[in-house]
Each structure stands twice: as C-alpha cells, then as structure tokens.
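Below are the structure tokens for one structure; questions will follow.
Chains here go by letter, A, B, C and D, matching the order in which they are written, and residues are numbered from 1 within each.
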C-alpha cells in the first residue's frame, strides 16, 4: 500500500466506500445525501463545532465526560443524566472494545447478553451494530451535542454510521488510535483508513456540515512527554486538514506538573498556529485530559486528582477538558460518579474562569523546549518522507523518530523511556531515536540527574515503575521507599 | 484599664491568675508546676512545635482539620478517626460556642443533654468543664499533637486548663478572637486578657516547654483583604512575643485568586521576618485556611473547593493547611466527611509537594502592594500608640485604622468594604479610614472599575453580596445575573 | 392580569399606604455569624420592609423586647452554629407571654449539630411554634416571597 | 529458623536447581492496556521467574498455545477493560482439553463493567476455574508472594 498526504479523489473514496459499507449489514443503511440533509437540520446548539467556537471566543473551558453502555435506552438514560445532573457541555458516546476491533459479532453477543443480564456487558456503545437509526435515537433524545470517542484503528464504518447518525464530532487518528490501541496493525494501514474518515468529514464540510475532529492526545496515557503527543497531534491534524477537515481539537493529557502542563497547552496552540498557517479557514481548539494514569482507589483522593486536573485545564485555558471519575481505579463508573467528576470539574473551572498562569521564566523555558523538541521531530519526519508527511510518518515509526512510550503496537519502536524530574515534570530518561539536538538531550539528562541525586539512586526503569504507580498511591513523583519512610518518620 | 505592650511581671500575672482560676470549679485543679512536669513528659512527636519545625525545614505542608464534640469518649473516637483514617498531621480540639462566651453553665447543660440524647448537642469540646484530667484523657489517647481552636474573647481559663491538660498549641488573639467573635467586648479588654494567655505560654517556655501560638488568620472569613489580616497577624504575634511566646504560626484565609493567595503567603513570611527581626530565637511558620466563606451544598463541588484550597496552600508553601469538609454548607460534618476533606487535601499536597508558583510580574506586584499596605497600617498604628503597639491598636480600632469587614463587634469601625476584581482578587471597594497612600487607593479603584466596566454596573454593595454568595453557587466572582444568563445561553 | 381583590388583600393595601411591615432579625444565642445577618438586613430593606436588626449574640429576650418596642410583625431568628435547638427552646411561650401571639416566627440556618435529614429538623421546629423553618443555604428571595405571602402583601 | 523440610519443599528445591518456573502472562480479549502488562513482565522477571509475555489483545488460544509450547507452570490473565467475564468464559475447559490440567490459572484487573462488590466477582471467577482472582490495584508483590506459595518456592 502506497500512501501519500494528498487529498483523495471522490472516485477513490467511493470505490473504497462500497467495501466499507459492506463490513456489517447496518452499513447498507448509510445514504450520504440523506445524511447530509439530516445533519443540516441539527440546530447549532447541538453541534460540537458551534459550542467549541463560542467557548474559544469567550475564553471558557467546556467539560465533557466519557460514557457508553450496550443498550440504546440505557445509553440515553446515562447521557441524559450526565447532561442534566452533571451539566456536561459536550456529551460523549464511548464505543465498546469489540467494536474497536471491528468484532461486530462479539458486540452483537454483548448486546444480547446485556439484555439478558439486565446490565451492560459491554464497556461502551456498539454504534455500528445499532446502526444509523440507533444513533439518531440517541442524538435526538438529547439537547447537547455529541462526540464519538473510541480507540478504533479502522473506524471507517463507525464514522459512516455515527456521522449519518447525527454525531458532530469524531475522535481519533491514524497514529493515536493505532499505536496505543493495536498490536498488529501497520501504520500505513491506519493512516490510509483515517484518510478515508477525514475525507468523509471533508465531504460533509463541502456540503456545509461542520464536523469536528479530535486526534487522541494522551496516547498511552502514561508519562507521555509533551513533544511526543504534540507531534502526533500536529501530524494527524495536518493529514486531516489535507482531506478537507475544517475543525480540529488538538489534545494533551495531563502530566501533573503545573508549569509543564500549562506550557504544553500554550505551546500546542502556538505550534498549531504555525503549522496550520496555510489552512486559512480552519478552527483550532484544544482539549486537556485529566490525569490518564492510575488513580487512587479512595474517592476523596480521586476527587483531588480530578480537581487538580480541572485547575490545570482552567489555568492553561484549554477549550475543553475531559473529566475523570472517582471510580477510575475500580473500572467503569456509575452515572452518579461520572456526574460528580463533572460537577467537581465545573466548580473549579468556574472559580478559575478569570485566572491564568502568568508568564514567567520557568514557563517560557518549558515552552521553548517543547517547541524545539516538537519541531526537531517534525522536521525529521518531513525529511524522511521527502516532503510527504504521510510517507514521513511511516518511515519515522520504523526508525523510532516518532516513538510512543508503553504502546502495545509492534510497529512502534518502544525505545524511549520517560521519567519524572524532581518537580514532577516528565522528561526523557532515554530518548531512543528521537532526533534531538545535544541541547535537548542534556536538558533532560540534567533534570533527571538532579532527581537521582536527591533520591540517592541512578535513574532507571525502577524509577519509571515508581512513577507509574505514584499517583495511585497519593504522590506525583515515585520516590524510593527508603526515602519515603524517612520522610514519614520525620513528619 | 491602661494597657501597654510590656512583658507582665510575675506578680501581676499571679495576682490576676488567682481570679481566673476561680471562674469555674475546674480551675482549682490547675497546678502550674505539676503541669510543667506533665508537659515535660510529652514526647517531641506529640508536640505541635516539633512537627511544625520539621515541616518547615523539609518544606512540606501539614494538614489539620477542625473537630470537637461534647463528650470525652466521643471526642477521642472522633480524633482517633481523623488521625488514623484521615491521616491528620496535627489534631484539633474545637471548643463549643458556650465555652467561647465563658458560659460554662450552658456548656454543662449541653454535656448533660448530649449524654441523654446520645448525640452531641454542643458544637465543640467544652474543655473547661471537662477540666485538666478530661483534657489529659484526650491527649493521652492520641498519637498526634493537639491544638486548641476556639474563638474565645476571654480564653484565660481555657488556656490554663488545656495547657495543663497537655495541649501544645493554642489558637487566637486579642483582636482575632474578639472582633469576629464578640459584639460588646472592648479591644482593651481582650488585648489585656490575651497578654495573660501569652504570658502563661511564656512561663511554659521559660520552663523549657515549647507551646505554639497561632493568631486566627481568616478573621470573619469573608472577603478579608490580605493587608487587613496580615496587620492583625503581625500585631498579635508581636504582642505575644513580648510576653515570651517563642513559636508563632501566622495565618491567612484563602481568597480564591491564586496569585493573590500565593502573594499573601509569601508577603506574610517576608513581613514576619522583618517585624520579628529583633526576636532572635522565635520560630515563625504559616497556616493557610481553605476557603472560609459559603460552600456549595453539592459534595462533589465542595471537594473541588477543598482541593483548590489545598493546591494553593501547596503552591504557596504554607507550613500547615486547615482543611474543610464537604458538609461545610450543611453544618458540622460527620467524622467521615471530615476525614475525606483531609484525604483530598493530602493527595493534592503530596502531588504538588515539589512544585511552587514561580515568581512573575503579577505575583511580585501583588506582594509589593500587600507589603506596602500592611506597612502603612502598621506605621500608623505605632504612631497612634506613640510607639506602644498595644495602645496603638486600641486607638487604631477607634479610628478605623484597623478595620475588619463584616465583623459583629461594635468596637470595629466597619467602614471598609471589600469586593472582588475582574480576576477574583479581593480589593478595597471602600478603604474606610485605612491610612493608605493615593497609590494604593487608586490601584484598588482601578481594579474594581475594570470589573464594573466588564459587568456594565457600578461597583456597589450589591457586588459585595454577589461575591459573598458566589462560591456557594459555583463561581468565584459574583457576576450580575443578566450577564450570567447571556454567558449560559452562548455556551 | 385582572382579579377580584380579596378582603385581606384590600386591607393590606390600605395598611401598606400607611405603614411598612416591621421585621426583627438577629442571630440567636452564642452565635457570632455576622455576614448573613448583614446581607439579610440589606435584602429585607431593599424589599421594602422596616428592618430592626439586633445583630449577633442575641438572647431570646432581646428578640422579644425589640419586637414589643417596635410593634413588629415578624421575628426572624438565624442560627448558624448548630446550637439552634437548645437556643430556641421555649421561645414561642415567651412570645405569647409578652403578648406577641400574632407575631410570625421564622427560623433558619444550620439548626442542629451535624448532618441530619432536613424533614425531622423542620418538623421539630414547627412543633416548637415556628411558622417557617428554612434549611441551610436558603436565599433571601425565598423568605421575602414567604413574608409577602404570609403578610398578605401584593408582590 | 530451623524446620523439617516437607517432601514438597524438598522436591521444589531440587526442581529450582534445574529449572526456573515459567509464567505465561497476557491481556485477554480486545483489551489493549499495555502498561501494567509491561510492569508485570519486569516485576515477575526480577522475582526470578521465566516470563513468557504474549502481550495485549491475546485470545484464549494464544495463552494456551504459549503454555503448551513453553511447558508453563502458571497462566496469568489480565483484563482491565471490563469484558473479562465474557472473555474468560470456557477458559478452564480449553486448558483441560489441551492437557494443561495442572497449570495454575490466575486472573486479575477490572474484571467486570461498572463498580461492583468484589466478593461476588471473585466467587464467579473461582467458579469459572481460576485459582487466584485479584481486584483492581493489586501490586505485583501480592501475586509474587502467592506464586511462591502456590509453587512451593522458598522465599
């Protein structure tokens, strides 16, 4: 398969489309012309794009949860609760894991079992199985706009059905929904399949229907350095824009250090302004994901993690924040716990609405480093692709020039190793083959050496493990146990 | 009564002491020599001073709740829960409101009714009625150090009994426990009575027993500008130091704007270092009070307010934070809710342990203004007292040179009116008779005009009311309703 | 909107022409919460009432004396510190004794120590002779609406 | 501490001299949670086991094939995404069919969708033929201790 970053012809699109719609019987119900008419009748306040635009202009941060269950009526009940009780600004529809693997048979079994067991046996809404009409039932039952959230490497049929079903926002991308979500799917394959999704969105746009697209920012959600996720966000955004996407929300997952997180949000906006300068009529917004790593089991402590995430989103002026719940450590939350995460987040966001983190030397330094790192990777990717971004990305993954920590995919080099520095910012313990200059490498080395000195140990994989468990155990930086005991005893 | 800021003679102290110990029968059980021997046997880890010292040196923030019930066994049960489940670093004993008014008869009735009704009919622990042995029962049952927290204008007998009872920290002062807590008690009276308390603490110190003293920082807890509470903290600290107090924790109550709150904590430390320069062997620490105003009734929202308070305490490097609970809007919390407030706070504090708010122009400007304001008031107070701080304070209250907003006392001028600016910082809408220079007055005026413009209204008492209700209703700045509706509709 | 005026409304309107309704407000017992008290004063005054504010730390007798002296129509008792139950005992009887049988008694705030179900608390205070009982967090608008209704004032 | 060695312990020690115990680990079904899997691999290896990691998105058959090929002593199944109950159905029977009757079966993670009491969940998986069932948030140390106990290894 030879891919390139070039807008697909309608002919090519339609040829593949025929196959896509045959992947599951419900595909036959998708009629693009009818779908466009249907979308035209959705009022602006039920469109994600309109909501994002207003939030961006008035400088507020919207809140959105994750949620999805197997059956249509239960899913509506759940979302209505999050809308009315949780006051979610944007509603999600999280897709179940079988659908994400295009395993519609198991999804169908899950629907059946859910009916029998009278509880959801699926961890999300199997939108493909429910089909266009099922999606429309959901959309029509709610007053707020809806986004599809998933983790599907091949999301072509899912996009066809949900967009025809009235959803106005579609998460994912050829990197962010492959490398963290699949083991055996090549990067060529997913970039190709996501060009299809983006071309579909482009077709809607060309017909006057604005659909938002959101590359999945947090990737593996585990100590991902900002320059890694920024690179993926920019790449996926640029690939999408080429196919005609006009509304993009670029994402970033909280690392936990306030200065680094605000620097990440600000640098993401600034990098995007630069990289998308040629796309004049594009709307760029940002989404901040509350802590994606392990959560404390205790609900009061979980509330603290949620609130701190909301604080950072507000101080960093994200357009939207994805909220977590106090059941995070225990699995999929009840609707009550989900609404509580929303309410806590909203309280913080409203209280901090008029506040930002003021510029200072540390913040500027962080921004400078993130931007330099991201540009060095981006330059190299384009170089590898001889100017073609899509080809560059494939080669970059092969060479480890883009590399995502802790990803399951065998198409990911998996050579980089991140760890926290002494203030909790995520640094490169091993930068693998990322094409960084000496300045960058030394910056990170120095930061980790400082921590190592403080803890009386070498920076190693054990430090990384300690960091991964830390938040769940009530800390940000995973200090060695000996050190911890001393601290406890002298309190 | 002629008061002056001069260390009391032992003779004067002992003369008054005789009367004090007669105020209620339990006073007769206080034997200072025996008490000193008892205190000598309390191990360092059960002394607040030792705990504060270690926290200050290692740069961590301790957590402490408020709690107190009528009966000894129930009080022990409550504190043990907060110690073991809530992991409180310092335990409180909050005194009931009858005891605060020296109304020991009603406190006695409350103890009796509590036994009969099998629930606490008092909002705190009536330490005077329980006497020295009752206090020792509590102290001995717990592994963590204990502080007395109250709001008692005349706390002489309370101090005698609780310090003899093994408490190692005593909150309050002649201003902070009068003006916000009494209607008809003169400032001369309370300064005099608190000189007694401080002299008593001084006597313990002279006998090798370190006792901590903590002026009550938040005052009325309602839109108190930092320079007002800083002035009171410095004045009470200086009066205490004169009587021989060696360990002082100066307090500040969260206003809600991060920059202002961190500036308040930093300027408090810097002002204290300056004003206490002559007292060489004094230990100065700080305490930050989580939001003292109206809370949201919703518990998730309350968790957010608590967590934001803890975040500010950590970023501002307070030595201690007083935690709130999710039952705040509903009255006195259950022990479970109290422990949850502690756990949420600890999670944030641990996560932010290694982070601070970096210096920036806004922060420096805030600090500069708070310090200028405080010094202008302090200078004028000393001038009024012709060099004597105690006499100056009495005259300052008469003249409104020290003035506490929303205080019940008729000895307070009540002329100043605070309101939030457009970023939520507390400013002087009316500075009354505070002796501010033109520069200061204009600074505040400008800030409030900016907000007024934004809201299309004049700054007025209505703005103040809106601000008082705001946090309880999920905002920090109380915007006019019209404005709010528009914001809602355009979301 | 046209409607037939009831006798009561007619009477009220006449009364309104000649006099404002008088409210005695205060915070009972050893309670020093002054902020809400000040806001209530402002809100009730803005709503057109004659407000007699006896402030915080007010004994039952102070409420009653102020009501007698000012010929008050309503006494509004606030209690924010949890001792309300003890502080309000026998209040109604003392009012009756002082000839204030017709004076409306409102009470509101954090009336008991600890988190409790609201309905039993409300019932208890109604049984103690109060005409209106408000939970924590009640906005002034609510009591103003009740006052107008109970006093037969046109809104 | 001196103690009489049981036959079992003696046998184990002999076995230890000649071979490491082999564990097959993986994340079952359509689950892609890779982080914990990588940490378990590291922790079990450090604890002295021979770890065969079949990674995420692993079918029942992959676990069984890997166990047969490597003559494994234990299969440890992780499931973090709530579908564990569906994904593990019939696993024990398939193991028996493949001649893995004696292989220990451990399972752990967020095994069901939604917040549920742990005891019924544990019971269900024990009935499904698993020897050990771990709740969310279990630290590697816990399963390492159990492995040593169940395999009769001296700590």
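Operating definition for what follows: contacts are C-beta pairs under 8 Å (C-beta built on N, C-alpha and C of every residue); 3 or more make two chains touch, one makes a residue touch a chain.
The chain lineup, named per UniProt: A, B = Glutamate mutase epsilon subunit; C, D = Glutamate mutase sigma subunit.
The structure presented is a predicted model; accordingly, all values stated were derived computationally and were not measured.
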Inter-chain centre distance, subunit A versus subunit D - centres from mean C-alpha coordinates, in Å: 32
Centre-to-centre distance between subunit C and subunit A (centres being mean Cα positions), rounded to whole Å: 55
Averaged-CA centre spacing for the pair subunit D and subunit C, given as whole angstrom: 68
Inter-chain centre distance, subunit A versus subunit B - centres from mean C-alpha coordinates, in Å: 44
Two or more partner chains touched - positions in subunit A: none
Overall pattern in which the protein chains touch one another (line/ring/star/complete/other): line
Chains grouped in pairs wherever the two touch, ordered by label: A-B, A-D, B-C
In the complex, subunit B residues that touch subunit C: 69, 97-98, 100-101, 103, 106, 109-110, 113, 119-123, 151, 180-184, 220-222, 294, 297, 327, 329-334, 337, 406-408, 461, 465, 468-469, 472
Interface residues, subunit D side, partner subunit A - complex: 29-32, 34-35, 37-39, 42-43, 55-57, 81-83, 85-86, 110, 112-115, 136-137, 139
Sites on subunit A touched by subunit B in the complex: 51, 54-55, 58, 60, 62, 89, 256-259, 296, 298-301, 303-308, 310-311, 315, 339-341, 343-348, 350-355, 358-363, 422-424, 471, 474-477, 487, 490-491
